[in-house]
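Across the two complexes that follow, subunit A remains constant while its partner is subunit B and subsequently subunit C.
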Partner chain A sequence: MNTLLTLGDNLKTFWDYTGMANAIFIYLAIAKEYEPLLLIPIGFGILIGNIPFNEAAGLQVGIYEEGSVLNILYQGVVQGWYPPLIFMGIGAMTDFSSLIANPKLFLIGAACQFGIFGAYAAALLWGFAPNEAGAIGIIGGADGPTAIFLTSKLAPQLLGAVAISAYSYMALVPVIQPPFMRWLTTPKERMIKMKSPRVVSQTEKILFPIVGLLLTTFLVPSGLPLLGMLFFGNLLKESGVTRRLAETARGPLIDTITILLGLTVGASTQATTFLRPESVKIFVIGAFSFVVATCAGILFVKFFNLFLKKDNKINPLIGNAGVSAVPDAARISQVVGLEYSPSNYLLMHAMGPNVAGVIGSAVAAGIMLGFLY
Partner chain B sequence: MTSTIETTLLIAGIGITGIFVFMAIFYLLIIGLDKLLPFEEVKPEE
Partner chain C sequence: MNKLKQLLFLSALILLVSCTIKDENPRWVINEVMVDNQTGFMDDFGQRNGWIEIFNNTYKTQDLGGRYLTDDPNNPKKYPIPRGDVLTKIPPRQHVLFWADNEPFNGTFHVNFKLDPSKDNYIALYENDGKTLLDEIVIPAGLPTDKTYGYPADGIKFDKNNNTLATQLERITPSSNNAVLEENPKVVSLQENDPFGVTITITSMLVVFLGLILLYLIFKAIGNTAKNISHKRVASAGTLSAVRGESLLTGEVLAAISAAIHELNQDVHDIESTILTISEVRRKYSPWSSKLYTLRQDPRR
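What follows is the complex of A and B.
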């Protein structure tokens, strides 16, 4: 009888801690294929991190118990070295050709960062402390590693809510963006055919990460952990002589870090700290930031087009792609563009603002860090 | 409250301006790079 009671108590504690949020994430990942590479580790991590056990027994298994395996793995999140490693992998898998060929697309990646600062302002006005508002604002960058990096520095107590919110909205980009893309553009604008991008030489591709690194060093040194690694990974890819290193960075390494990051972020999230009114507010502000970022990108393209020659206009349907969320946001530009003109392929053009968005959100994180850390 | 709004606007203003400046300089550097090292198609030897 006693055993049954203890079992019942443990199950109740488990329910109190997890709220079965893990089941929702695992369901969304498997049944709906929403960001499965992250939601499954996070969902399972919530399970691992919340199994009730007797701390007095000294088993050293809890994520917050110094020296436990989970605690050691969690240091990559707490001290912020998982996100830069992921950025190295992203750099090693990203082709910046579309951006180099048409560098004015850089500015779309900048415009979409209005989402970050809009969310930051909204969070401050909703009563969050400045450092917490900075961490919440970065959700608008639509970049999971950047969000985790900044939150681990500014407001570690919000890590679970911010990470889950960021990844959830990134998965929901195909649902959130299209209505605003249609609402803010005219049928004529959606039909704009952009010029084919020029060919980019290998020398330019090699110089791009070096120039980017120097620029970051001089202008936003606080963004170096992320951008430095992004450009380093890209140089591994483009140099042509470090193929093995590039393949490791964009393959086994990024996969390993993704597993550890998801699992430990999940394990560090308990219902007692996650299922709170603040988390609901964070989710609301997160949705707001994605909408602002999308609208800002599209409106910026429309504004920019006023100054461009007729044969050099940009299709505003690629404005949404500046929110990062690579490559989903660019794919949406392509899908929505094809609805209105079956021969208008926007994917290669949308990849420009998409990768510019990655750079832009990391710069924004660096600026936030400079002000609020 | 007013000071919160002022601080918010200041950081947001500096932040977004900073990103635009960064991207604009990057844009100009890429344009310069293209001018310095224009793409030349390698013609196969006859």
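What follows is the complex of A and C.
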């Protein structure tokens, strides 16, 4: 009888802790294929981290028990060294040539960062402290590793909600962005055909990570962990002589870190800290930040076009791609563009602001860290 | 040439910015000093003496062993801090306390001089060479009994105008923070001065735009230079691509023309070439005896 009671208590505790949120994530990942690479580790991590056990027994199995296996793996999140490693992999897999060929697309990546600061202001208005608002605001950067990196520093208690919100909205980019893209553009603007990007030389590709690192980190030294690793990974790719290192960075390494990151973020998330009104607010602000970022990018392109020659104009449908979320946001530009002009291929053009958004959001995270940490 | 000037200007600007950033606070700071200790903190021997607190003002563990502590400007090597004591390895942003009891044989942290409350007390910390000054402070005469002199915030010696912040401290905090940080001062300041996040938004967006505009300008200049070099090369080579720089034809049109010419040439060649030549292939070596085949392949780069 006692055994049954204990089992009942444990199940109740498990339910209280997880609220079966893990089941929702695993379902979304498998059935809907929403960011499965992250949502499956996070969902299963919630399961692992919330199995009830007697802490007084000193088994050292809980994620918050110093020296436990999960705790050791969790240090990558707490100390913030998983996200820079992921950034190295992103750098090693990203081709910046569309951006180098048409560098004015950098500015679209900058404009979309309004999403971060719009969300920051919204979070302040909704009663969050500035450091928490900074962590919530970074959801607008549409960059999971950056969001986790900044939140682990500014507001670790919000890590689960921010990480899940960021990855959920990244998965929902195809749902969120197109209505605003159509709403803010005229049929004529959607038909704009952009010039084919020029061929970029190897020298330019090698110069890019070096100059990019020096410039951005001189301005925002606090962004060094993310930007340093991003540009380092890119140099591994572009140098042409470190193929093995680049392949490891963009393959086995990034996969390993993604597994550990997702699993430990999930395991550190409990319903007692996750299923709260604050989390609902974070989800609402997260959606708002994506909308602001998308609109800011599109409106900026329209504004920028006022100063460009007729044959040099930019199709505003690539404005949404500045929110990073590589390469989904760029793919949406392509899909929406093809709806209105079947021969207008915007993918390569959209990749420019898309990767500029990655740099922009890392710079913005560095600024937030400088102001609030 | 103008592009080159722009690049040089930007490089100079970056260098200027980097050079103007200087670190005013030293790596080690004599953080808090008690001269006359009557009722305060006691050492391991139950004695009350003056003490000197030194603060590791960096974000890495540093070893104080081998450095010198002195109260005499003419004798920088007065008290050599013993090497090899694990306790002299001070973690980042942490403190260590030295007893000014003139009892150096009581341990590493007992120096060979005493502080005198009736006069100014000069205290200095020197580098291992006994010449490089790491930090110094003068405790004015007349510091009340059981009071300390030092810096209100750990390791911060100067204000914005480079004035010293050393003063008599309100709280006695041996081996602990001089200022107790209960809240993040940056967050508190933002809550008071920027409740809606307007200032931080404007500032941050300016920095983001500035960074990406600089990247835009630099890569525009680099791109133009690369294009010029490429045009010169193809023009000097006299290839079809040279036309590209001079005409308004797009890349696709040029590719189509090139493909057509190539196909034409191939066709002509197929018709004209009807002579079959068979030439003997002579192998001067056999793979069986080739040294190359016996070597292991280089790993892929």
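Basically, the second predicted complex is superposed on the first by the 373 of 373 C-alpha atoms of A that agree within 3 Å, B and C clash if a C-alpha of one lies under 4 Å from a C-alpha of the other, contacts with A are read in each partner's own complex, and residues count from 1 in each chain.
The rule is short, and it goes like this: contacts are C-beta pairs under 8 Å (C-beta built on N, C-alpha and C of every residue); 3 or more make two chains touch, one makes a residue touch a chain.
Predicted model, so just to flag it, every value in this text is computed and none were measured.
Enquirer: Should A:S152 be classified as contacting the first partner (subunit B), the second (subunit C), both, or neither?
Expert: neither
Enquirer: Which of the two partners, first being subunit B and second being subunit C, lies in contact with A:N131: first, second, both, or neither?
Expert: second
Enquirer: Of the two partner chains, subunit B (first) and subunit C (second), which one does A:T294 touch, if any: first, second, both, or neither?
Expert: In the superposition, A:T294 contacts neither subunit B nor subunit C.
Enquirer: I'd like to know which partner A:S268 touches here: subunit B for first, subunit C for second, both or neither.
Expert: Touch status of A:S268: no partner.
Enquirer: Counting only touches as set out at the top, which of subunit B and subunit C does A:V241 meet: first, second, both, neither?
Expert: second
Enquirer: Considering only the touch criterion stated at the top, classify A:S168 as touching first (subunit B), second (subunit C), both, or neither.
Expert: In the superposed model, A:S168 contacts neither subunit B nor subunit C.
Enquirer: By residue count, which of the two partners contacts subunit A more extensively, subunit B or subunit C?
Expert: C
Enquirer: So subunit A touches subunit B in one structure and subunit C in the other; where do those two contact lists coincide?
Expert: After superposing on chain A, subunit A residues 99-100, 103-104, 106-107, 109-110, 113-114, 116-118, 120-121, 124-125, 130, 133, 198, 200-201, 203-204, 207-208, 211-212, 215, 219-220, 356, 359-360, 363-364, 367-368, 371-372 contact both subunit B and subunit C.
Enquirer: What residues of subunit A sit close enough to touch subunit C in their complex?
Expert: 99-101, 103-104, 106-107, 109-110, 113-114, 116-118, 120-121, 124-125, 129-131, 133, 196, 198, 200-201, 203-204, 207-208, 211-212, 214-216, 218-220, 241-244, 356, 359-360, 363-364, 367-368, 371-373
Enquirer: Going by the contact rule set out above, which residues of subunit B touch subunit A in the complex?
Expert: 4-5, 7-9, 11-12, 14-16, 18-27, 29-31, 33-34, 37-41
Enquirer: In the complex of these two chains, what residues of subunit C are touching subunit A?
Expert: Where subunit C meets subunit A, its residues are 14, 17-18, 184, 186-187, 190-191, 194-198, 200-201, 203-205, 207-220, 222-223, 226-227, 230, 250-252, 299-301.
Enquirer: In the complex formed with subunit B, which residues of subunit A make contact?
Expert: Contact set of subunit A toward subunit B: 99-100, 103-104, 106-107, 109-110, 113-114, 116-118, 120-121, 124-125, 130, 133, 198-201, 203-204, 207-208, 211-212, 215, 219-220, 356, 359-360, 363-364, 367-368, 371-372.
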